[in-house]
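My questions all concern the structure below.
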Amino acid sequence: MKPDYPIEECGVFGVYGVPDAVPLIYRGLFSLQHRGQEGAGMVVSDGEIVKSSKGLGLVNEVLTKGSLDGLNGNLGIGHVRYSTTGSTRIQNVQPIVVECVDGIWAVAHNGNLVNASKLRRMYQEAGAIFQTSTDSEVLVHLLADPMYRTRPRRVARALSELEGSFSFLLMTKNCVMAARDRLGFRPLSIGKLGKGWVFASETCALTQVGAEYVRDVNPGELVVADSTTGLHSSVFADSEKDKLAQCVFELVYFARPDSVVFGENVHDIRLKYGMRLAEEYPVEADVVTPIPDSGNSAALGYSRKSGIPLDYGFIRNHYVGRTFIMPEANDRAKGVDMKLSVLKDVVNGKRVVVVDDSIVRGTTAQRRVEALRQAGAREIHVRISCPPTAHPCFFGIDFPTKEELVAGSKDVEKIREFIGADSLGYLSVKGLLSPLKNPSGFCVACYTGDYPVDISRMRGKKALEQFSPDLQLDTGS
Amino acid sequence: MKPDYPIEECGVFGVYGVPDAVPLIYRGLFSLQHRGQEGAGMVVSDGEIVKSSKGLGLVNEVLTKGSLDGLNGNLGIGHVRYSTTGSTRIQNVQPIVVECVDGIWAVAHNGNLVNASKLRRMYQEAGAIFQTSTDSEVLVHLLADPMYRTRPRRVARALSELEGSFSFLLMTKNCVMAARDRLGFRPLSIGKLGKGWVFASETCALTQVGAEYVRDVNPGELVVADSTTGLHSSVFADSEKDKLAQCVFELVYFARPDSVVFGENVHDIRLKYGMRLAEEYPVEADVVTPIPDSGNSAALGYSRKSGIPLDYGFIRNHYVGRTFIMPEANDRAKGVDMKLSVLKDVVNGKRVVVVDDSIVRGTTAQRRVEALRQAGAREIHVRISCPPTAHPCFFGIDFPTKEELVAGSKDVEKIREFIGADSLGYLSVKGLLSPLKNPSGFCVACYTGDYPVDISRMRGKKALEQFSPDLQLDTGS
Amino acid sequence: MKPDYPIEECGVFGVYGVPDAVPLIYRGLFSLQHRGQEGAGMVVSDGEIVKSSKGLGLVNEVLTKGSLDGLNGNLGIGHVRYSTTGSTRIQNVQPIVVECVDGIWAVAHNGNLVNASKLRRMYQEAGAIFQTSTDSEVLVHLLADPMYRTRPRRVARALSELEGSFSFLLMTKNCVMAARDRLGFRPLSIGKLGKGWVFASETCALTQVGAEYVRDVNPGELVVADSTTGLHSSVFADSEKDKLAQCVFELVYFARPDSVVFGENVHDIRLKYGMRLAEEYPVEADVVTPIPDSGNSAALGYSRKSGIPLDYGFIRNHYVGRTFIMPEANDRAKGVDMKLSVLKDVVNGKRVVVVDDSIVRGTTAQRRVEALRQAGAREIHVRISCPPTAHPCFFGIDFPTKEELVAGSKDVEKIREFIGADSLGYLSVKGLLSPLKNPSGFCVACYTGDYPVDISRMRGKKALEQFSPDLQLDTGS
Amino acid sequence: MKPDYPIEECGVFGVYGVPDAVPLIYRGLFSLQHRGQEGAGMVVSDGEIVKSSKGLGLVNEVLTKGSLDGLNGNLGIGHVRYSTTGSTRIQNVQPIVVECVDGIWAVAHNGNLVNASKLRRMYQEAGAIFQTSTDSEVLVHLLADPMYRTRPRRVARALSELEGSFSFLLMTKNCVMAARDRLGFRPLSIGKLGKGWVFASETCALTQVGAEYVRDVNPGELVVADSTTGLHSSVFADSEKDKLAQCVFELVYFARPDSVVFGENVHDIRLKYGMRLAEEYPVEADVVTPIPDSGNSAALGYSRKSGIPLDYGFIRNHYVGRTFIMPEANDRAKGVDMKLSVLKDVVNGKRVVVVDDSIVRGTTAQRRVEALRQAGAREIHVRISCPPTAHPCFFGIDFPTKEELVAGSKDVEKIREFIGADSLGYLSVKGLLSPLKNPSGFCVACYTGDYPVDISRMRGKKALEQFSPDLQLDTGS
C-alpha cells in the first residue's frame, strides 16, 4: 500500500563549467533528497568520456565513495527519484544515458508526460525499442529522430512534441541544457557559480553548493550551457504568464521551506497560509501545535495571527528510517507512533489547534488525533493549510487514487468525524491563491478538478500501464 | 576527532512479566536511541533459556528481523551505547552476558564507575579475567564473588561496592532488577504494563510501549521484579534527597523533551530556561530562532518572555546520517552545512537571537554565526540555555577535554569573539537551578567544577586507560 | 590487467513449458557459471507478465531469494556473463529486456557480432538509441525494425543480417527461441524435460535439471518453442557441415568435461589430446601431474599412453575466490601460490611431466615451474594439450592481445626458456583435429591465424570502442 | 541438521619475531581454512599494544582490508573455527583475548578439553565468570589463577591441569607459546622463518608463508618464543612415544594432502591406504574413480595396485559455496547434485570402483551411487579408505552421534544395501595402521570404541551442555 501522504516527485540538479562536478552534484542532490528517495544517479563528463553511477536508494547509499570512483568532469547532471512500492526497477533510475548517432545523451526528468504513451507507440511502430518503463524515455527517441536532426533546433523541436509537465536537464559530452514545459508545472532554477552554471529543481540546492540564484528557466524555454560564453536561450513553446499552471502543491508541501520556488519564498507563503487559516477558521484555544516538520511554518502563522501561543505538541524521532518495523507492542500502545510522540504536558487539559499541510487518506490524521486525545487534550481543532485534496494529479504528483483520497468521497464534516477532531478547517482556494504574486499562474486542479489542459486522454501512469500490459511500468518521475 | 557536542550516554530498557518481550524492548530502545548510537543489544529469557543479540550500529541496523530470529521470552533487558571513534569494539557492546556459578547474568549500564580500575585490579589480583574494556564488567565480578553469595543480599552488597554513577538493569534467567547509585546521577524510571513491569532510562520509552509511569528507582535503591507478586525494593546505600547529584545536563540537553526526568518535565524546564535567559540577557531584536531541534524549547521560552517573534531561521535536513561525507564543494560554500540550512528570508536584514542548549568546542557555533551573517543577518545574538561548560564530567558524559572545551580556557567575551556573535549570553547557574523542584539535588560540576564527590582518584576513562596500557579501552557506558 | 588465461565467454540457458521456470534457470545457470562470472540474470514469463532479475556477480550472489521474489512462470531465459575489469556496467548484464511495438523481447547472447558497429551506426542514423555498450543490442533493433515485421519470418530475417558468432536465446511473453550462427562458432543444445523444452550452452546444464539431450541447434537454424505442439525449426542461413567454424577452444578449455559439445564428449577428447601429446612429445620421466583441474583429463591421457605414473603434484585450495589479496608474505614465499600448492613429496627428486591446457601470457606457467623447482623436481617437462595460442579471437573469446600472448612473439624454444622448463611440447594442429569426427568443421584461427571469414573489418571489441569513443564499451558476451 | 561428513576441527597459526605479522597470519590461516569455516580471527602485538580482529565467516570474509586496518606487529596468533549450525555465537570465535593481572592473554585452541566442565564449575564456585561457551575459556582462568602465578612455571602448571586434547597457541604482548597435550591428539608444527618462528596446525601453512619445517611440538611440551635467543622448551606432562593417541583421522581425512602430520606425509599415506584397500578388497572392474577431492589419493593407490585404470567419474563444481540453495528442480533431477556431476561417458556401461575416505550418515554415498546408476554404471563397487566409523570422538572431531552414524547401527552388508552398491569394502584397522612409522602411537577409537583414556566422565560437548542448561553452549574448537 502506498503511504498516507502525497509522494514527493523527482528532483534534478546539473552543473556546467565547474572545476569538479562530482561533489557539487552530490551535495545538490543531497539537498533535493526530499523530492525523491527511491533512487539516485549522476552522470558526469570531462568533455570526452561520459561516466555514470546510479542505483536504488538514498543519495548517500547509492553515490558512495566506491561507486563514484573514477567519475570526474566539469559538467554533469543528477537525479533523485521518488519512492514507490513493488515495481521499482533499477532500469528506471535516472539519468537515462543512451547513445544515438550524435553520441551520448543523458536525461533527467521531473514531471509527467501525458502524451508519452502516444509517442512511445508511434516510435515503436517505426521500430524503436524501449528499455525503461518511464515516460521520460520518449524524449531520447525524439532527440535521436532524424526528423529533428538539424541542430541547433533539434532539441527545441523535440521538446515541442511533448505534452504534460516537465523540467528537464539534458546533457551531452560537452554541454548541459535545461528546459521547462510551456505551462511551467515544475520549478527549475538557474544559478551562477564562479564561471560556471548550476541548474536545480529548487534554490535550496543552489545555496548548498554556494551558487548565486540568477533566475528560473522560463516556461517554454530551453537554456543551453556550453563552451561558448554565457547561456543560450531559445523558446520552444509559447507561454503566457497568467495562463501558467505552476503547481501550487510545491508551495504547500513539496518544496523545502528555504527554497524560492516560482518566485515565491516557500516558508513565507506557508506562514501566510497559516495566518489566513486563522482568519478563515478562528477558534478559542490554548495552544497551537504543528505536525513537525510539515506543519511548522503554517502553525507559526496561525499562532501569530490568532495570538494563541505556539508550542511543540509533537516530538519527532529522527532515527525513523526505512526500518524493520516491529509489530505494535500491544493494545495499550495503539496510536503510539515510532515517528511522532505527543508531548503530554503541552496538550494535557488543553484546547489544542493542530496545524498540518494536508490530509490524504485521513488515517494518519485520525491516529494523531487519537494520540492527542489519549494524552489528555480537551479539544482538538485541526487546521489544514490547503483546500481538501480531492482530485488526482496528472502532472507529476503521485497521490493515492480518488477513491483512496478521503476528500475524494467525503465532505469536510464527514472527514472531521472520520479523524475524530472537534473541528476541522481547510484553507480556501481563494486563501491559497491570495498571497501569490501571480495567482492566475497556478494549477489548483487537485483541489478544484479544473485541469489546466484537456485530460480526456491524460490518464498519467494508468495510461502507460494499459499500453504495456505485459511489462510492469513505473511513471517517469 | 570527537564531534563538537556532548556525546550522549547510554540508555537502558527492561521488561518483566510481559507476553512478548522482544517487540517491547525493540521499541523501548528505539525511543532511547538518542542516548547512544554506537551499539545496541537485547537479552531475553523465557524463564529457562537466555538468548541475546547485539552489535555495532543503530537499533534498526543491529536488531534486525534476522538477528532477532529465535529470541523470545517474557523478560529481558536492552541497551543502547554511545558512539565513539576508533577503538569501538564489538566486545564492549552491552548487555554483557556471563555465566557464573549461579547461572547467567546480564548487565546493562548507564553511567561511569569511578572505582572501576581499583576493583578491576583487585579482582585481577585474585585471578579474575576481563574480556571487555568497559567499567561495567566489574559488576559481574562482584556478583560472582563468593563473598556476596548469600542471596538475596548479594546484589545489594555488590552494588554497595561501586562508586560513581550508575543506573543498572540486571537480569538472570527469571528475574529483572534495577538499581541506581546513591547520588542518583542518571535517571531510571519504573512503569507498569498490564501485569508486568517496565524499566527505562527515560519515561518516553514507557510511553512508547504503552506503559504507565509509576515512579523512579530511588537513589540507593535496588528493585527486583520476579515471579512473586509486586516489586521488591531494598536499599543498598543511604541517600539524602537534598544531597543528590542528579545530572542537570539530562534536563539541559540529553533527555528527550517528552520525557519526565528526575520528576521534571523536560520540555517545560527548557521552556523556562529560555524565559529566564530572556530575563538575564535581554536584547532588542527582530526574531528569535532556535538551532533545531536542540534549541527548540528554550527558543520558544525566550520568544514568549521577550515578546520577540519566533521564526525558523534554520532548516534541518532529515537525511543526514552517518554518511559518506563529500568534501566541501568549494570556497563559496564555506559555512554551508549539509545538516542545517539557513532560511535566508527569515534572517536577512534582521537582528537575530539564536538560542541553543550548549557550546562545546565553539567551532560549530562559529559556523552557524557565519552562515547567518552570509544570509544577511544584521545582528546576531547568541543565547545558551545553560552556563559555560568548562569542566569535564566523570559521571557518564563524554565531553571533550577541558583543553578542547572552549569555555575551559576562554571567558564569555572571548568566546563571543571566537564565534563572531554580536552578543553572547549564557544562563546563570542560579537560573539553571531556579525552576527545579529540588535545586540542591543536582550536580552542576561541569559548570562550576564543584564535584559532588572527591575526584582526586576519579579520572574516568583516562584512569582505565592508564591501568591497561596494552589494551585499547573504552569507557563503560 | 587481465588475468593470465583466456576469459571464459558467456553462457545461456532457457526453458519453455515447464511447471516452474525459476529453479530450473537458477540451476542451469549455476552449472554454466564457469562460462561467465561477471554478471547473471534471468527473465521469466507466466504468459502475460514478464519479470526479470539481474546484477553483477555470481549466480548465487545475484539471484538470491530476495531478488527472485515475485518471479514465476513457465518460460524464461538466463545468462551468465564473463568477467572483465573496469568498465563493467550493470546496464550490460543480460538478458537485455526491451519493449517494442509487439511487446516485450528478451535476449541472451553468447558470441561476438562482427558487424555490430555497422548495424549500430545504421540504426542510429535512422534515429535509434542504444542503452548498452554490448554488441548484442543490435539484435533487438533488428527485431523491432518494421522492415522485418511480417511474422513469422521476422526473427529469421533479423538473424540473417548478423555476422560473426552467436548462440542466441530470445524470448517474448509467450515463446522462447534459440538460434545459432551459420558457422556454428558457439555451442547450443536442446533438451526435453517432461512436456517442456530446455536450451543450454552446454549439455551439463541439461543434466543438472534432469533434461534429456535431444540435439544441438543447427548452424543457421532458428528453433521456436511456443504453445503449439513441438519445436518449430526454420533455416535463416545456409550452412555446410564441413565448412563450419566450431570453436575448438571450447573442447580444449572452455566447456565442462562432463558436457557434450559439437557432438564431442569433452573429457574424452581431452584424454585423447593427452595421449596424442605423449606420442608427439615423449619424454623419460618419473611422474605425470596435471595442473588441476584444467589439465586433469589430458594428464590422464598422457600417463596412459606413456606409461609414466600419474600423481597429484599440485593441490588446489578451494577457498580461493574473489578475495582480498594479501601482498606476498615475503621473499622466501615467492612462487608460493594461494591457489595451487606443490605436493613436495610427489615431485622431489623426480623427473616431472606437467600437463596443462594452454599457456597465455606465460607468467603463470613460469611461476608453476619455479614452484616445482623449489620443491626439488629434478627435471620439468611441460606439455600443453593444444598448439601455441598466437592469434586473437574475434568470435567470442577474450584472449590478451597478440602482444600479450607469449606465443604471439616467441617461438616454442623461447617460451620454454621464458617459463624455465627443461622441455616444452605443444600439441600439433593436426593432433588437435585428428580425434574429431568432423575435423574440417572447426575454427583453429587462434593457432593458425587462418580466420574462417574475412577479418579486414572485424576488429571485435576494438571496433565498437573506436565507434563510440565517448562511452566506455564492453563487448557483447 | 549437521552435514553428512565429519566436521573439520579448528586450525591455529602463530608467528614470533617477523617483520610484519599480519599478512603471514592471514596466509597461514587461509591455508588452514579447510580445518574450520565458521569463524576466523587474529591477534597481533607490536610488543606494547595488542589488537585483534575476528568474526563469523571465512578468512577472506572476516579478515578484510578494513577489519585489519590498524593491526600491525611482529608477533601474533590466529584461529579458524569449524562450522556448526544454530548456536554459533560471535563471542565464541577465537583467539579469546582477555586481560588479567599480568596483562593481556590471547588463546587459540584446537582440541577438546574433557575436564572443562569440572574446571569451569570449580572456578565459578570461586567467583569466576565466563563469557563464552567454549571449553577453551577455562585455560585463561587457569592462567590468571594466583596459585600458578610464579612465572615461568605458571603456564606449564596451568596446562598440566587440563585433560583431553589440545594444541594451544598462547600469546602475551611480547611472547608466543605453543603447547600440545601429553597424548598428542592434535598436530602442531614449528617452522623457522628468517630470525623468527612460525607455529601451525599443519605444515602446509608453513610452506605457504615460506617457513622451513623444524619439528613438531612434542606431546606434553610447552615451547616459548620470546625476545631471548631461540625457543625455550619445557615439559608439563610425561609422554611415551608408543602410548600416544595421535588422531589417525587427521591422516585419513582432515589434513591437507600436502601437509606432513605426525611425521607422516599425508598424500603418501592415503595412496598406501588405497593400495592396501586394493589388496583387502579386490574386484574385477573397468575403471576406478575417486570422489573428488577427498578420495583422490586413495583412488590413485587403488588403481596402481589393482591395475584398473583411473578415470574421473565425477566433476566438482567450484562455485558451490554457502549459497542460497534452490529446491531440487524436479523429480527427474533427483540425485543430481549441484556440487558433483557424474561424467556419464566414463561410467556408462562400466564396472566402476568408487573410492572415498569415509561414510558418515550414508545418505550422500547413497546419492552418489544412485547418480552413477542413472548414468549407466553396470556395477558399482564402493571402497572406503578407513574402517567403519562407529563411535563418537571426544577429542575434537564433531561426528554425528552414534545413532546418526550409519556404521553405529549397521554392519557392512547392511550399509552396502543402504547405499545401493554392488559391493562395499572398508580398509581394516590393521591396514590403517600398517603403513605408519609408529602404529601404536595413534588413536583409532572412532573405529574400535577403544578410547585412549577413561571416558566415563568424558562426554565432550554434551557434558558442557548439561552443566549450563540455560546457555546455549558450543564445544571449544
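Letters are used for the chains, namely A, B, C and D, taken in the order the chains are written, and counting of residues starts over at 1 for each.
One rule holds for everything that comes next: a contact is a pair of C-beta atoms (placed from the backbone, for glycine too) under 8 Å apart; a residue touches a chain by one contact, two chains touch by 3 or more.
Computed from a prediction, not measured in an experiment: that's the story for all the values here.
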Equivalent interface to A-C (more than half of contact pairs same by residue no.) among B-D, C-D or A-B is B-D
Which integer distance in Å separates the CA centroid of chain B from that of chain C?
-> 60
How far is the middle of chain B from the middle of chain D, if each middle is the mean of its Cα atoms, in Å?
-> 48
Mean-CA-position distance for chain D and chain C (Å) = 38
Which parts of chain A, given as residue numbers and ranges, touch two or more other chains?
-> none
Chains touch in the following pairs A-B, A-C, B-D, C-D
In the complex, go through chain A and note every residue touching chain C.
-> 45, 48-51, 90-91, 96-101, 103-105, 121, 124-131, 133, 140-141, 143-147, 173, 468-472
Complex contact set, residues of chain A against chain B | 18-19, 23-24, 26-27, 30-31, 33-34, 58-60, 63-65, 193-194, 204, 207-211, 256-258, 265, 267-268, 293, 296-297, 300, 304, 309-312, 315-319, 321, 323-324, 326-334, 336, 338, 341-346
